Structures are given as C-alpha cells and as structure tokens.
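What follows is a set of structures to go through.
You will see chain A twice below: alongside chain B first, and alongside chain C after that.
Here is the complex of A and B:
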C-alpha cells in the first residue's frame, strides 16, 4: 500500500515476517513489548523480543483447578487460551511504592526522586477480547471515577494493544456468556486473527486506532480479500461455539443479592481454602492494601501499596476484628461482587468470563457452577441481610 | 533533637537450633544499623556482654522442653517490656514437638548413650503456652527482612507490616505459576505467608515452614492432595513437621492416621 495511513477499520494481511516486523516496529517506537512466552510449564505474559519468544506450537489444557502445557499438531503462535495472570500485573502492579519521605529538622519531606521511575511504555501483544473488556473495566474503576489512580492512568495512556481473536476456547472460558468475546470489537490499536493451514501461516490485521494505523503503515502488508475476511470470521465463529463453560446471566444480580443465607455458601466454604488465588488472577479485581515501613534509623519512611483480596482476614479488619471471619462470607463477597454488586457500582459485570479463577483455584471451585447451584434452588425467603455471619 | 536512650535488646534461646538468631547476625548490611538503633544488652550468640535487665525488646527463640526453661521464661517475661517470639519452635513448639505424640523416654533412650542424665518434659510447647507474647514471627527459619521489619516497627512504635495471608498470595505477587494446579501437591493454601513463596518458585510444593494461616481449611486441601495421588501417610507426615503442634496441623495429621 503506498502513501498515507490506513483508516481505522482497515483489514489487511500480514505474513509471519510481518509479525516479526511488528514486534520490531513496536520496540523501535520505545515500547516494552510484552506477550505470551513459555515459562515454568505455562504460557505467561512476559517480555517478547523476537518471534521465537512466542509459544510456537504450544497450547494449554485448562479445567477447574488444572492447567497443563501441551504440544499442538501445528505451529500456531496464539493457539492457547489465556495466561495464568492477566495484563493487570503490568498496568496495576502487585507492589507499588506510593511515596518515600525522610526526616528533616522540623518534620519530614517527600523524596521526589523516590517516586517510581517513569514506567516503560507497554505494548501488549496477544490481548484477548475478554482481556480488553477487563482492561476497560479497570479503566472505569481506576481512572474514570472521582478518584484517579495516576500511575495506572499514565501506564494506560502510553499503552499499545495488539489484540488477537481467539482461535480456540479454553476449557474454562465463558466469554460468550458474558458478551465479552471471543471476537475483539473495540479498545485495541491493532487486532490479529491467526490463519494457519498446510500451505500458509498469516494474519488478518485490523486497524483500531490512529496509533495502530501508523504502525501498520510501517509494515509490509497487502489488502485482505473477501475470502481472507471470511476465513477470519470462521475462526471466531468456531471459537464461540466451543466455550468450555457457560454462565446463565439472566437475573443473576437479583438472584445472588436475594440469597445471602443460601445453604450453598456453607457447601462452598467447606471446599474453599480462602487462599485468594481467584482474586489474584482475576483481570478485573482491583483491591489493594497499604503498608507503611520505616527504617531502623527512623530517618526514612515509605508507603507501599500491594494487592489484597476479600479472602484475607485483614481485608475487612476494623476495630475489634474481621467483618468476614468465616470463609462462607468471604466467598459470598467475592462472587456477589463479581457478578452482582459490581453492576450497581460500575454499570457492568465484574466478570469477563476469562476462566482464570476456575483454572487457578487449587481445589477447582468454579464460579459458573456455584452460580448455577444458587439458581437451581433459590431461597424463597425475602431476607436481604448482608450482615455478619 | 535530644539524644534518645537506645532501647535495650535481648535475644533468648530455648530448645532450638539457633537458626533464627543467626538470621539476625545474617543481616549483614543492616547489622550496624541495628547495633546503632538498639543497645544489644543480652545476646550470648553474638557478644560476651550480658547486661542485666530490664529489656525493652526481647526476641525469644526456641520452645519449652524442660522444667527449668518453663521457669526461666517467666523471668524473661518479667524483665521484658515487649516480647516477640521468633521462629516455629518459639511460636508452635518446633520439630521437637513430635515428642508430644509419642513417648519421650523412648526418644531419649534411642538418642542418648546415658539417658539417665537427661531431664526433659514430655512435651515441647510454644512460648505463648507459658507467658504473654506481644508478637509472633513465624517461620523455620524466620525471614530476615521480616525480622528487620518487626524491629523497625518496634522502634517506630508502629504495627509490623506482616500479613497473615497465604503463601499463594506471595506466589501471585512475584508471578510464580502455581505448581499445585500443574499437579504438584502444595501446602501453600493453608500456610502463613512470610518466606516469599520460595519453594513454588523452584517448582516445589510448599512445606508449611511458616505454620498455619488464619482459618486454614486443611481438610479441603488434604482431599485435593489425595486426588493428586498423595497417600494418607504422606498427609500425616507433611502436617507433622516444624509446626506439628500448631493445632490445625496437628488435627489434620491425626485425621490421616499414622
């Protein structure tokens, strides 16, 4: 294509070599490129410097409390579902120093140089539809409300997203139930669909932003034919039809909010470890705690923010103890926040159906199964007591 | 600013291996700062000076296994404004609490050539079974930076920033991929944080060195271990290590026979 930048919505074809050039083009523009790579027996999101870093020919088998890395019969680069931890690690890091101060003659002063160094500009490669929705949800919580998380805001402002339409659904995926996938619809700079057969390995690439158009214009590509577009559509349609899980969301908010004393909470509490893994892997959970540290000399102090979870006792600790001492109230808080009260707070569900909480629960507790169990025998009582249990 | 009196620190040893005290000596970079911030009044492992009490901060290592120690710990408590136990022995009774579930005389006969010289109690008990403890630091051994955090917090008169959540959270903070979900049984979901999730980061299950977390659901975790191929004997043994006498671990070990 000669001259000018392709308009938003352009669909073009990119070769494997074009993908290599895309990684390089992002690096040249000052981005730290993060994408899928094999580490510790899993496909994790980490630094990607070259095509060979991508998980060529690998896939993941996911089920409740179970994850296995397996070989594919082809060389697909994006032939897996989602990684163990989401992009949230980079945008909303697990541990972040808020400020550091030192003692002065008559008080204290904040150390300007101790504020976290200006973070890299992140380019994410391989962002799934559910993950884009999760990022949009975190934007709403952390930037679009009255209290702005400035670190997150800065990292998002400089963020470049290369999305990937899913070529296969994972065993615990249910984005189709949550209307968050598998097709990427908005919120990306560039979106890829991997097309792979005996003779060819190429990508349909779609432009989603001005920044995306500029990057594409620097890559060798050619126009997508109607056949190419049909092939890409078929990939997404096949994925939509093979979801590992289903969640019936009809009236779910009211259902959960009107069942605070359902016997299922005791049942799940007997299994739940209150280990917090589900909240740590969830791409939309945003809860943190702050820790204050001072050094031995009493000369410097700092405030550090770290991820917390409604499954810890400290999370709901107020004068005299924890508001949620029992696991059943912690689990109920988690699922009710994700699927119900999130809607009251932020206007969307807090769940995008990525399946991570199901896969990475050490005892395989499944949010779709727990919600269905409440639906199967809803309480007849009109009790709405959310109090201490 | 007027020169402040430096708080007086004492480090005490009961039945233990010294590993936790050594963690303090191991704080190479910070050791001078510690010595600057406190007066090391009593620390036989490190110094020949053994100054009399009272002490502002006592760090107590080890469990109570003799009648003499059961008395000594009361004296220490009386001389200490703030008493912190360090390590699994002082906090839960340690590995030597295995005697609580057997006949101590048999152990003594098996280990010592002249058992008649050994005077010992039938049980190994944590410091908190004898005196009031102001703060318990878990671990076998304790984590160095947690110890520095406790001392720094004491000096500043603040609460130590030591969470009582699971090892799982530490795995997730450092980005370790869960080994249990990949098929390796792990005690992390019932174990108190503190080590920084070292073992899972080396692709091993957690051994429970830091003892039970608050409200550990050991029964559910044990059921999952069985599904992953562990035997009841494995379960009995993993809950009977450094924190064998911690109540939730004791009960779970008992539930899986011998």
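Here is the complex of A and C:
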C-alpha cells in the first residue's frame, strides 16, 4: 500500500482483485461505472458492477462489413478491439431534450431547467487510445469553440476515464496510421495494460491525473518492476505491429479536397446504401438535428435533439430540395469532412482509426480503401460545372 | 442552465405586420424583456414558432432603428408559414443575432453595387440603409434587383423612393412581365453591364438564389471587379446556428458562423462543385 497519493506518471501493479476494487471504488465515489459487456452478440458499453460483467474470455473478429464474437483460449477481460458503440452515446447522447415550453395567457414560456435529472458523473472503464482521442476531438468541437454545448461540458467535467492499452488490434483497426494509438498517451485518469499468462492475470496501472492518483491510493497495489513495465510495453508494441488496416495520411487533406469530381465517388455510390451506419458508430461524428414537438392540446411543446447523419436527404434540405440528393455527394461529404475539412475546422483529423465505420458498413465500404483509390488515380483535370443552371 | 445558454430562444412579441407580396410578410419583433442586442447588416436570427419549429431568417430592418428586429419571411414551409401567419401581439422565440455581416465599413471610399434576386433583397436591406445613412462616405451606389414577376417585387415603395434619389442608381428587372410592366425583362446579371460604377475598387454585395449568385459573381468579375471585392450571402440547412450541429457545412466552412456573408474568392472553387 502506498502512503500518500502516488504522483502522476506512477506505474504500479494491480491484481484481478484490485480491478474489482477499482470498480467498487469508482461506484463509492458516486460514479456510474460504464464499461464493456457482452450483449446481443457484440461487446457494448453499459453499466458494470462487477468483474463478471466484463467480457471475460471473449474476442472479436472484425473485417469490412463483418463482426463476430469468438471465445479466447484465455480469460482476458480486454482481449478484443472496439464494439459498435463509442463513449459518445453517454457524453453526447443520441436523444436529448433541450427544453420544454408551455402556453401562457399572453404567449408561451420556455423552461430551460425542465431537462430530466441525469446521472452525469460517468466513469468509463476500458477506454481505448483511439477513443480517448475521439473524446478529445469532440471536446474541441463541442466545448472549445465560440459556443459551448453546455450538457456535454457538464458531463465531461465530472468524467473519470480508465483507459486500456490495446492487447490486440482488430481487423479493421488503423490507429497506428492516425497516431491515435494503440498506446494511451494522455487524457486519462488511470490506464491499464492487461498482462496475462498461465500463472498470473494482472494489470500494469498508470496514473494520469490527480483524481486517478486518489483512486489508486485507495486500492491495494504494489510497485511495478522493470520487467512488468517491459512486459506492458511489449503488449503495446505487438498491437502496434498488427494493425488490420493502413491509411496513408500524407497529403490526404489536399488530395480529397482537390478531387470533388473524381470518378471513384460514382463507384462508391453504386455500393453505398446511404444508411448512415458509419456516422452512427463513428466516435467523433457530432451532427445533430432538432425536433420540435407539441402535445395534442397544443399547450406544451418541447425541443429534442437527436443524432443526425450527413447521409440522409433531410440533412441538407433547404427550400427547394436537398443540397445533396445523390449518394455520391453524401459519401464525398462524409469522408472529405472526416479526413480533410475537419482539419480546417478543428485543427485535427476527424478520424481516429478505430475501424468502426469499416466493420459496421453493411456492404463493407472501407474508408482506407476509398481514400487509397482516390490517391491511386487523382483526377488530372478539375472538371467542374461552371455555368450550370 | 446559464442565462447565456445558446440553445434557448428568448421571447419576442410581434408588432406591426406587413404583407409584402403574395407569399412574403415582414414582421416587426420586440423583445418581451430587455433590449435587443446590436446586430450588423447581413446577420440572421433563429425564429421559433411555438410547437412547430425554428428557422434561420436574416434581419431585414434598419440597424440604426432601436427597439426590435425586422424580419421578412417567405411562406415556403411549416415553420416559415407559421411565422408568416403570426398576427400583431403574438409571441415567438428568437435566438441571435448570428453570422458574418456585409462589409459596409470596409466598402467606404468605394463604389458599392448591391445585387439582389427575389427575397435576397431582404438580407441586403440593412446594408442599403446603412450605406444610404452615410452616403457621403461612398462613391457611386448601385442597386440591381431582379425578381420573378411584377407582383413579386419586394419593398416596392422603398425601391421607388431610392430610385427617385439622384445619388443612387436603381435598376429592376423581372423574369416574366405582365401586361402593365414597362420595365426591364431578363435575369439580373444582365443589368451589370448597364450600371454605372467603377469596377476598380467597387465592392459588390450579392444575395439571392445560389445559381443567381454564381452567374452574378461571374458577371461582376467579368466586368472588372476583383474576386475579393465580391461578397455573397450563402444559404444551407441550419439547426443550431452556432457551429455545433454540422448541417450548414459548405466545404470547410460552417455557413452559420463562417457565413452567411462570404467573400467570393474564398468560395469560388467549391461554389462550382455540384452538391457540395
């Protein structure tokens, strides 16, 4: 046991019991503990109260348009890549009431405080490096601009992150290409590396914040030996060397922005269903729409915000029609935004290489393949439609 | 929630309502409490009709007149239709003002060319008021206006009043004439060659349907205006108006915060890309 609180950067060893104690310690501190669990044939993020809630002995096989859970030969708790959900469903929920209003004698009144009480103090257990980067990107979009999404800001303020360094890369992972993993480098409170062999199941735990230090000080742990640290480094190095996908980002922004009429957009449009799955599973997609409702009597009304997708016809609707009626322009918008104009807007790529859009595309469209196809044959002429009426 | 929550509309009350044309209505709006914030010509507000929805509408009034906002709305959908049907005394919600302004100060010392198509005259009107209020600071002032047919002419009395002035050149054209019309027929870019302004240094402010702005900007450039002296007011779907919902993206820009008023040289390339 440590006496005082361990300084940031401390690396220590935690047993399986220690991990159980970590979950309990977070719950005792008032956090709703959310982590990976198996449901409906996938690893999803939901409440975890005990070790048994974690996907012990499961792994995932991922490829373009394919996701399968399989048994592992060991009892690893974090022995898979990422599932369909990302943490944004908690920080930037799919449906959120913005406010309610009711009629009054001389008009109406908006009651902005009538949003539901929500448990906003989330502890996330098992956040991957790519996901930490995705959260940082959403912070940039939703909190660090001229206008602040106050709900998101509130949920992030009290957010405790227990990261996990990936022990294996998924078939559609390419974080190494995006410089977003597989090793967690910042933005966490505690970071785990799972170490597992025939004789032992333990975790190297690293302190990333004052809050993390306080939690670790309450857990039974012991100092990490140089051998422990080397073993953890080897885990991450092995993962970094086994990425399922590669995305060449060199000059990618200019490449995409200078090819809006590339024939590949027609090619991808012939396969794309415009179903919006890629935008629903993406951990950085932030687009929303609002819906205004009223009750049958017309006495009360509310505004609800929902996740939206640039793949829908409504998304770009203005008087007279959709700005992007064709699938090819919607796919172009999505990938160009994600990999190119995001950099203009927020100083970072919008892609963290988690591979979800590749895995969960029902027809297996692969962002890395599409970008490579544009790169393979960049348009020689910039054909535009000047003078189109 | 803080007082400054940008998602929550503030209550405004409808004052005078003026039916402009068959489907266009101008409403004066006053804040129920407090005073309306200062705004700059070219900016817009999000107007909320109770229980129905919210829509982005440019301010069309005179920024020098204190009190409230003036908005001119065309009835083209559920929300704009509900707003256009509001009567004096009704309440609506308002968030704003948002967006980039027309370069009225930057244009001082030069000729100014306003080019409006249809309802595009409404977002330009605050800039016209501002320029005419400080008329001595500008060179020649030209207003070119085109609309579908004579009954669709917006702000007709004002156009006639401006046209009577000896220091403003006003040219109006319609796409389709009727039996009484004795004026110009044709599209508004055709008026550019007839207008008297010095393209060297002149600043153009253009608002109308996108296709009209594209042809107008081309014609202005062909007449000698520098690309970076031409400004367009862009339109895209907007939900939040504060850069958080993603809907109004136009290439790398968000029309709500990087626009609606955008300098042509910065958008000329993507303006020609279909469905951008």
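What we mean here is this: the second predicted complex is superposed on the first by the 374 of 389 C-alpha atoms of A that agree within 3 Å, B and C clash if a C-alpha of one lies under 4 Å from a C-alpha of the other, contacts with A are read in each partner's own complex, and residues count from 1 in each chain.
Just so we're on the same page, contacts are C-beta pairs under 8 Å (C-beta built on N, C-alpha and C of every residue); 3 or more make two chains touch, one makes a residue touch a chain.
Source: prediction; values computed, not measured.
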Just to be sure I read the superposition right, which of the two partners does A:294 touch: chain B = first, chain C = second, or both, or neither? both
A:270 in the overlay: touching chain B, chain C, both, or neither? Say first, second, both or neither. first
For A:166, using the defined touch cut-off, is the partner it touches chain B, chain C, both, or neither? Pick first, second, both or neither. neither
Counting only touches as set out at the top, which of chain B and chain C does A:323 meet: first, second, both, neither? second
Determine, under the contact definition given at the top, whether A:192 touches first (chain B), second (chain C), both, or neither. neither
Under the stated touch criterion, which partner chain does A:306 make contact with: chain B (first), chain C (second), both, or neither? first
Give one of first, second, both or neither to describe whether A:40 is in contact with chain B, with chain C, with both, or with none. first
Can you give me the overlap between the chain B contact set and the chain C contact set on chain A? 292-294, 298, 301, 325-326
Considering the complex alone, what residue numbers of chain A touch chain B? 39-42, 44, 65-68, 84-85, 89, 94-95, 270-277, 280-281, 291-298, 301, 304, 306-307, 309, 312-314, 325-327, 359-364
Per the touch rule, the chain A residues reaching chain C in their complex are 98-99, 101, 103, 106-110, 112-113, 115, 141-142, 145-150, 257, 260-261, 286-290, 292-294, 298, 301, 303, 308, 310, 315-319, 323-326, 329, 333, 337, 340-341, 344-345, 384-389
Which positions of chain C touch chain A when the two form their complex? 1-2, 5-9, 11, 13, 32, 48, 50-54, 74, 76-77, 80, 90-91, 93, 211, 215, 218, 235-237, 239-240, 242-247, 249, 251-252, 254, 257, 269-270, 272-276
Inside the complex, what are the residues of chain B that reach chain A? 30, 33-34, 36-37, 148-149, 151-153, 155-156, 158, 161, 163-166, 168-169, 172-178, 180-183, 186, 188-190, 203, 214-217, 219-221, 223-224
